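By written order: A, B, C and D. Residues from 1 in each chain.
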Amino acid sequence: MLSPRFRFRHLETVRFRDLDAIGHVNNAVFLTYFESARLAYWFHTTRREGLSALDIVLARAEVDYRSPLQFGESIEISVGCTSIGRSSFVLESDMHERGSGRLVAESRKVLVCYDYAAGRSRPVPDELRRLILAQDPEAGSASST
Amino acid sequence: MLSPRFRFRHLETVRFRDLDAIGHVNNAVFLTYFESARLAYWFHTTRREGLSALDIVLARAEVDYRSPLQFGESIEISVGCTSIGRSSFVLESDMHERGSGRLVAESRKVLVCYDYAAGRSRPVPDELRRLILAQDPEAGSASST
Amino acid sequence: MLSPRFRFRHLETVRFRDLDAIGHVNNAVFLTYFESARLAYWFHTTRREGLSALDIVLARAEVDYRSPLQFGESIEISVGCTSIGRSSFVLESDMHERGSGRLVAESRKVLVCYDYAAGRSRPVPDELRRLILAQDPEAGSASST
Amino acid sequence: MLSPRFRFRHLETVRFRDLDAIGHVNNAVFLTYFESARLAYWFHTTRREGLSALDIVLARAEVDYRSPLQFGESIEISVGCTSIGRSSFVLESDMHERGSGRLVAESRKVLVCYDYAAGRSRPVPDELRRLILAQDPEAGSASST
């Protein structure tokens, strides 16, 4: 059943601390898994490194929880850009459990290029746009603001 | 500027551990704050107690990040039900910083009543529906499935 | 039974996310509670503010777990300095549950004044030493290196 | 420089969420890494599985922080039992960064076999004692209570 939507893949292993008192991975931890995958995608795609490369801010997160995730399981997250606008872009992800292949969650994030010094959004730099489209050509056919 | 949408309020204080390397509260921690508020709402509204009252599962989460949250700040989260369907209902929240009154995030969650023994969703019990509508009468005028 | 060892007190509330799959507050989260209390102590005692005041590093942590901590409980942590050496000092803490008054944990930390630019420890500045002894006079009668 | 003390090894990767506002892995997260390693050791050594195997409680934790841990690094933790008493035993660990081989932390934990139903400690079962000594024969030459 494991059929990732995007070329870029990232692996994570469930830690005991990721569980909550219900005995499943806590809902907030899914955002942490998606964040790890998103940063790995970002470093890979933009060929930049380190925390200074994180000059983007998360404006919106959507997560659909498809199946509970258990202790001892591990996951594969695929990440891709599905749309680029003037100053923002959309990253989508799916998360599959590696042993069973089942879909455990899907996510959509809106990210905004940010000028921390000026305290406001800024246009997506041309070089970044080019690198993102090189990784995910299909992002060019959609648009977001 | 602090103008909560809903009657039910919950307070949280930012811990140092809630920050990430950018120096703001990490995006996943917002789900933890909303979870604390949602559980407080649930115990208050349903007059039930303890982890056994948590026979509902989170199916979808949406968060809009409006403003970064800093160390030393504290927040007020308001929670209300905006729609009840056959087996699911929608809880919405807004989060304001208490000192400045500014809006820091908004959230919408879809929750499903769940029968853990049978491993499937179940209808919202009449008694729960009555208690939710007593807390948030406006939820009755919308619908979800 | 609540009889804190030190004058400085800090309150924390257990979040649902602090629990683990056993249903109690996870052992690592105790360090987070102690950290929140330690920072509050530090800002109070040194009359400094913000993350730039954190020019100290944790060299050693000891925690004795005395009683499990449950969902819905809240805690009071007392913090005091029990010894100051040339470049390090010792902070000790106890943590009581507020409702029952029972002791839930005790902790001892060794902290080192650090020069991040030079990448090495540095002597405790005289002004800090004076402020710490003003808060915890008994720290002057012990010694650490 | 990587020279683990014990035969049993466990790998962890630093997540972005593990960092704090200082930009290093937060001190509490080291306990989470050690916990993951300890559970892996426990399942391996006792040949038991699942959360029901966790009928032991952590009574004391000591951590010596030797070197800051950065984003992008990964670690190897070795775990071994150094002493078994009547109802408790001691697990020690060291944590090395895999790329540089440097020692980042050492830990010592006192664990107690626990009867959750009776609410008190219980003797280390003979079968567990035998399995622990099969993994770490040197634990037999020390003693703890």
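Remarks
Just so it is clear, contacts are C-beta pairs under 8 Å (C-beta built on N, C-alpha and C of every residue); 3 or more make two chains touch, one makes a residue touch a chain.
Bear in mind that the values here come from a model prediction, so they are computed numbers and not experimental data.
Of all residue numbers used where chain A meets chain D, over half belong to both copies. The two sides are thus made of the same residues. A count of C-beta contacts for the chain pairs A-C and B-C puts B-C on top. Between chain A and chain B, the centres computed from C-alpha atoms are 23 Å apart. A straight line joining the Cα centres of chain B and chain C is 32 Å long. Taking the mean of the C-alpha atoms as each chain's centre, chain A and chain C sit 36 Å apart.
Counting partner chains per residue, chain C shows two or more touched chains at residues 16-17, 21, 23, 26, 28, 32, 35, 51, 71. Contact topology of the protein chains: fully connected, every pair of chains touching.
Listed in rising order, the residues of chain B touching chain A in the complex are 21-22, 26-29, 31-32, 35, 51, 54, 57-65, 68.
By the touch criterion stated above, chain A contacts chain C in their complex at residues 16-17, 19-21, 23, 26, 28, 71.
Here chain D touches chain A in the complex through residues 12-13, 15-17, 23, 32, 35-36, 39, 50-51, 71, going by the rule given at the top.
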